[in-house]
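One structure, pasted below without further comment.
For clarity, chains are labelled A, B, C, D, E and F in written order, and residue numbers in each chain start from 1.
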Amino acid sequence: MTPTPTSLPDTPPILAFGAHPDDIEFGCGGVIAQETRAGRGAHFVVCSRGEAATHGQPGQRVAEAQRAAALLRATIEFVELDGDSHLEVRAAHAITLAGVLRRVRPGIVLAPSPVENQHPDHSRLGRLVCDAARLARFGGVRELTAAPPHGIAQLLFYALTREAEPGNISPVLIDHSRPEIVAAWVAAMEAHASQTSARNYVEVQLTRARLHGLGAAVEYATALFPADPLVFTSLSGLGRGARGF
Amino acid sequence: MTPTPTSLPDTPPILAFGAHPDDIEFGCGGVIAQETRAGRGAHFVVCSRGEAATHGQPGQRVAEAQRAAALLRATIEFVELDGDSHLEVRAAHAITLAGVLRRVRPGIVLAPSPVENQHPDHSRLGRLVCDAARLARFGGVRELTAAPPHGIAQLLFYALTREAEPGNISPVLIDHSRPEIVAAWVAAMEAHASQTSARNYVEVQLTRARLHGLGAAVEYATALFPADPLVFTSLSGLGRGARGF
Amino acid sequence: MTPTPTSLPDTPPILAFGAHPDDIEFGCGGVIAQETRAGRGAHFVVCSRGEAATHGQPGQRVAEAQRAAALLRATIEFVELDGDSHLEVRAAHAITLAGVLRRVRPGIVLAPSPVENQHPDHSRLGRLVCDAARLARFGGVRELTAAPPHGIAQLLFYALTREAEPGNISPVLIDHSRPEIVAAWVAAMEAHASQTSARNYVEVQLTRARLHGLGAAVEYATALFPADPLVFTSLSGLGRGARGF
Amino acid sequence: MTPTPTSLPDTPPILAFGAHPDDIEFGCGGVIAQETRAGRGAHFVVCSRGEAATHGQPGQRVAEAQRAAALLRATIEFVELDGDSHLEVRAAHAITLAGVLRRVRPGIVLAPSPVENQHPDHSRLGRLVCDAARLARFGGVRELTAAPPHGIAQLLFYALTREAEPGNISPVLIDHSRPEIVAAWVAAMEAHASQTSARNYVEVQLTRARLHGLGAAVEYATALFPADPLVFTSLSGLGRGARGF
Amino acid sequence: MTPTPTSLPDTPPILAFGAHPDDIEFGCGGVIAQETRAGRGAHFVVCSRGEAATHGQPGQRVAEAQRAAALLRATIEFVELDGDSHLEVRAAHAITLAGVLRRVRPGIVLAPSPVENQHPDHSRLGRLVCDAARLARFGGVRELTAAPPHGIAQLLFYALTREAEPGNISPVLIDHSRPEIVAAWVAAMEAHASQTSARNYVEVQLTRARLHGLGAAVEYATALFPADPLVFTSLSGLGRGARGF
Amino acid sequence: MTPTPTSLPDTPPILAFGAHPDDIEFGCGGVIAQETRAGRGAHFVVCSRGEAATHGQPGQRVAEAQRAAALLRATIEFVELDGDSHLEVRAAHAITLAGVLRRVRPGIVLAPSPVENQHPDHSRLGRLVCDAARLARFGGVRELTAAPPHGIAQLLFYALTREAEPGNISPVLIDHSRPEIVAAWVAAMEAHASQTSARNYVEVQLTRARLHGLGAAVEYATALFPADPLVFTSLSGLGRGARGF
């Protein structure tokens, strides 16, 4: 019954967490669109139905999220923790999310930044996913015995606003400039019509991505923040630095 | 007359700067050994003859550096700036080094960290190379008209001691665990016999590399610090994170 | 029944939060005294009765706080969360405080710094008020439907000790040097006789305010830490910088 | 012979420093346009003729700067220090700039951020102006006896790129959203045709200002970074915080 | 029934907290060995039985911890909070630990760093001990009336991995180079055979201690991080700085 | 001819550097008074004659410094570098100061903080002394062959204003509360009558020392900032932490 994302053979899927139905799309939808169009699987875990927002009812918001995920070619599921605007950092939640990690068994995991911004749920979910990625590896957690331990490849934080960009982690910039990628991203954001009709959220994200792109001498880029040092076996793997200006 | 490193066709060489004859080997020799054994060219620019050190005479130290470079399969040249222990951050020096960049036209550049540690020359050379990498791109610098402008791909800082590891840049860990790489690195460090006979410098670096390796679940790794955000076009390019412990 | 502070027509009141009966007075009483003497309304919300302190019984401490608030010309109410020395960061508390924000509808809000100092309740209340100021704006929080959403103008943190001064926020210094303001502040602090008879808390705060004053070339100043960037429409609004020494 | 900016009676002029002919316009031209249209005087001090740039000859660049200053209703002068791309942090330069401060006697001073970004001259000029603002106050500096000591009201740093925004100073956001202000700013940037024809510098700055504006719930804003804590005598002077999202 | 560590007359014992049965030994066992061999008492408080670990059953792990404590000449007790991998920062836990502090009445307290590393329990216990050390001093906490208030001399954080070393506290290095101390430390770590048979934890800690030792020009040293500034009455009390390289 | 401070047999003297004639007294005079009254020798090296100050002529200022040094029972010498307000960070200066270190052969060295504050000379001298302490150890610096290499025990920074207190080094607090020590310190500060008659510098320093004292539960304390980690062989050497409030 739980969705199983399809991916390239032998490529573990990407798993993205969001506190509200639109967080993943606004925070890293351009990256997701690019990955899925390259044949990698992506799965979204949304941890509330957005029921505390000023605009939009839960049912509408769930439908918007499902449509947006489809536009990004990702599967989606909803996990109830404490509810919108009520999220707390509890061990039980981290264990619940670790259970998701063991079930989906992703390579790369995307989560909101643990730095506080305009909504308290964002940073708390970031901390919970961080803990979950650790707990998923421990063999003796009694609630998690249904699936074998799983170690992810990378935990990358996305930031929904500039304030949430961690000051103590160097960003990596993901160039997703191709017009069809940008179009898919915008479509996924606009699928959240209950939100975008009231505020210029889409412009905020496009402006941020354009600014990161200008710094990297490309059209559009999203900054992601690796929770751990990147490991390479060759300097050529580092590509190039953002020395646009 | 100036040495021209050989590299894979169409692969720009790696260029490494050191303030003293042994800095490159001790700071990032394991990385260099791995790169050159993979067929990439490397060139060393050493900015003093180590004449202020407690041990070793300049002639001996130059010879040691030449031997170490050969062991790492790198070419080497010496550039006189202010002399050992006399280095200052001057525009003229940055321009001199920018001239080297335009001549060698490297992709990746390695320089000592601009964070102060036990020798004032280290951080100053780091700053000078940082400036040089910028000036090399400007078309109108009158002293640099002999060669066309050149933009490098990446500037990576290495740290000779833990104190010099920049606290505001996330490291990337370069795994160079293969026994023949470690052996080549150790041999290059031990080529500086005037230094290693008096102090346990080799142990310091091996201990640091082992500790970074343990963090990355490999044998030996060197931490490098990118001056600019890394740019990728796919999440799969990020490899995996150092989640060993 | 809940107190309603009086203010200048069309000027929203200042709302100050404290974890214990004396925190507001010791942390920003000089600022409050100056504001109320300029005709602005101020309201205090105290989140425990100080029942875990070494000195003073809850009844006495409440009476002291009421007297101190009167000396500062502020109204006061007590909100029970977890009790003195038992405060936790819970969503329910943030929602309770958001309800207070919707009722009082302040412009400027003062709260203890979210940086840990000698009492764990201080930083936790700071975080709760930070969350509350966000939740008060969201239209769909079910517990908050009794009053319409409210967006505050500013959230400013005060610090009860130097350790609690946030290192990552630039302070603004509020000059409150006029003798009658200093006198009112000292009187309000001394109203907490159960505390000041045992320790030199008043001297601590006067010394801090004098040191901030010396830096600003005035007699006494209190450092406040804005949670968000200040927005101005003219450089003349920035006044002058603290360049006393 | 040296230009004397006209200002409101009794209002000291704004003084802005730039390392190259276009730095002031690109870094804080929107703020300047708004200030001068409100009747305040502004004077620009440009410390090179841009002779090291890839595009544009010195004569052309000086003319562009003069035209841009006129569009911003500012007076302008050129001060020769070490020349473009050759600037060093020398006491003699700080004293030269202190002499300018004593002559112009500004209230608010704008200078490039002392944080390194893509051009080494920027941060060095920021440090020099910082020192100059201090030296201008000392009565005994022998080179400065031609004019009496002068203490400025504020030193504010502007950032030409996001990298140069100081991480250890909280920004203030200057809202300059009025269409005629934005138009004047764009015109002043475009007056530097030698630069804007080759790179999208104007878009970079408008994107940054739009992003800061979105954060402050206005159209366009520029972030400035006060060198010293701001001093206020009333909380109402702080205006409102940037809590747009 | 609760163990009472023996110490030098008039010397309060050292109290060390660990989240899991092996944390104290791996994090600061070398320091403990040296202190107890100098005649000072040490007591361990372990806050889980390691029941969530991949290797080792709770009964076995408790026995290993008891054996390790004996090798370090320390007494040991177990305190149940939320269980391994389930620890939360709750006021009730801080009060429980404050009760331990009042009972044992230590001078120096050792706790895991409050900086997150690979196990979420570590940093949470660090925060809880930090709070406990404060609450133990307050006279009115109703749950703590069984024993009089107690103020500790120092709270020192230890780090189980390099990531957990706090970046905002300067370390002090404890030189514990004597061979018999190193041997006792290694024996205590190896007493946790359930853990060391599966992973090279002992090597990690010896490598870290050797690296700190090389920096201090000694054989082995452990970095500890004081929660508060150190207070001295003479500069000679500061000993020497780590200027080995 | 060069002064040779007398000290306890086998105790190397303390060496303090100041950029201006009054810097040492204002920055760490209380510490010096306490050390010399305990029988340790102290020597002052002053690097200008204060000739750029608003108040006081060089001759008068030198005389004041000599009198203040005598009150603190320290010897004093003047070293000319670039002159007051003209100091630059040059290798030649660092070598000059290294020569002083080799001649005086101190244990503990005190220097102004390398963090910028209201006078640019302060931080530059701090950096120069930092470099000098390193160069003094290198055997091959040709200008330094007159005396054998010398390694100091500790480099401690003092801060003349709060802004200069380094944010990245944990302070140690030196308790110098005894009335006769405070009196000697005040007398030494007041010996600089040319400065204290015009500004309340003495009050600034006493207020700072009182605030540090209140934090440490003593009367007066000075915060010093060790350039390197402190090394201890016993936890008992750490004394107690500043947990006054």
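Rule of thumb we're sticking to: a contact is a pair of C-beta atoms (placed from the backbone, for glycine too) under 8 Å apart; a residue touches a chain by one contact, two chains touch by 3 or more.
Computed from a prediction, not measured in an experiment: that's the story for all the values here.
A.B. asks: Going only through chains that touch each other, how many steps at minimum separate chain D from chain E?
C.D. replies: Shortest path length, in steps: 2.
A.B. asks: Which chains are shared contacts of chain D and chain F?
C.D. replies: B, C
A.B. asks: Would you kindly say which chain has the C-alpha centre located farthest from the C-alpha centre of chain E?
C.D. replies: Centre of mass proxy via C-alpha means gives D as farthest from chain E.
A.B. asks: Determine which of the two chain pairs, B-D or C-D, is joined by the larger number of C-beta pairs in contact.
C.D. replies: C-D
A.B. asks: With residue numbering as the guide, point to the option in C-D, B-E or A-E that repeats D-F in over half of the contact pairs.
C.D. replies: Of the listed options, the interface copy of D-F is A-E.
A.B. asks: Considering only mean CA positions as chain centres, point out the chain farthest from chain B.
C.D. replies: The chain farthest from chain B, judged by C-alpha centres, is C.
A.B. asks: Can you work out the whole-Å distance between the CA centroids of chain C and chain E?
C.D. replies: Centre separation, chain C to chain E: 37 Å.
A.B. asks: How many angstrom lie between the centres of chain A and chain D, each centre taken as the mean Cα position?
C.D. replies: Measuring from centre to centre gives 39 Å for this pair.
A.B. asks: Among the residues of chain E, pick out those that touch two or more other chains and give their numbers.
C.D. replies: Those would be 118, 167-168, 215, 243.
A.B. asks: Mind listing each pair of touching chains for me?
C.D. replies: Inter-chain contacts occur between A-B, A-C, A-D, A-E, B-D, B-E, B-F, C-D, C-E, C-F, D-F, E-F.
A.B. asks: Touching residues of chain D toward chain B in the complex: what are they?
C.D. replies: Result: residues 50-55, 82, 84-88, 116, 118-120, 167 of chain D touch chain B.
A.B. asks: Taking the touch rule as given, give the residues of chain C at its contact with chain A in the complex, in rising order.
C.D. replies: Where chain C meets chain A, its residues are 89-92, 94-95, 130-131, 134-135, 137-142, 149, 168.
A.B. asks: Help me check something: in the complex, which residues belonging to chain D touch chain A?
C.D. replies: Answer in residue numbers: 118, 161-163, 167, 199-201, 203-204, 207-208, 210-211, 214-215, 243, 245.
A.B. asks: If we count contacts the way the header does, which residues on chain D are in touch with chain C in the complex?
C.D. replies: 11, 14, 31, 34-35, 38, 40, 108, 133, 151-156, 168-176, 215-216, 218, 221, 223, 226-243
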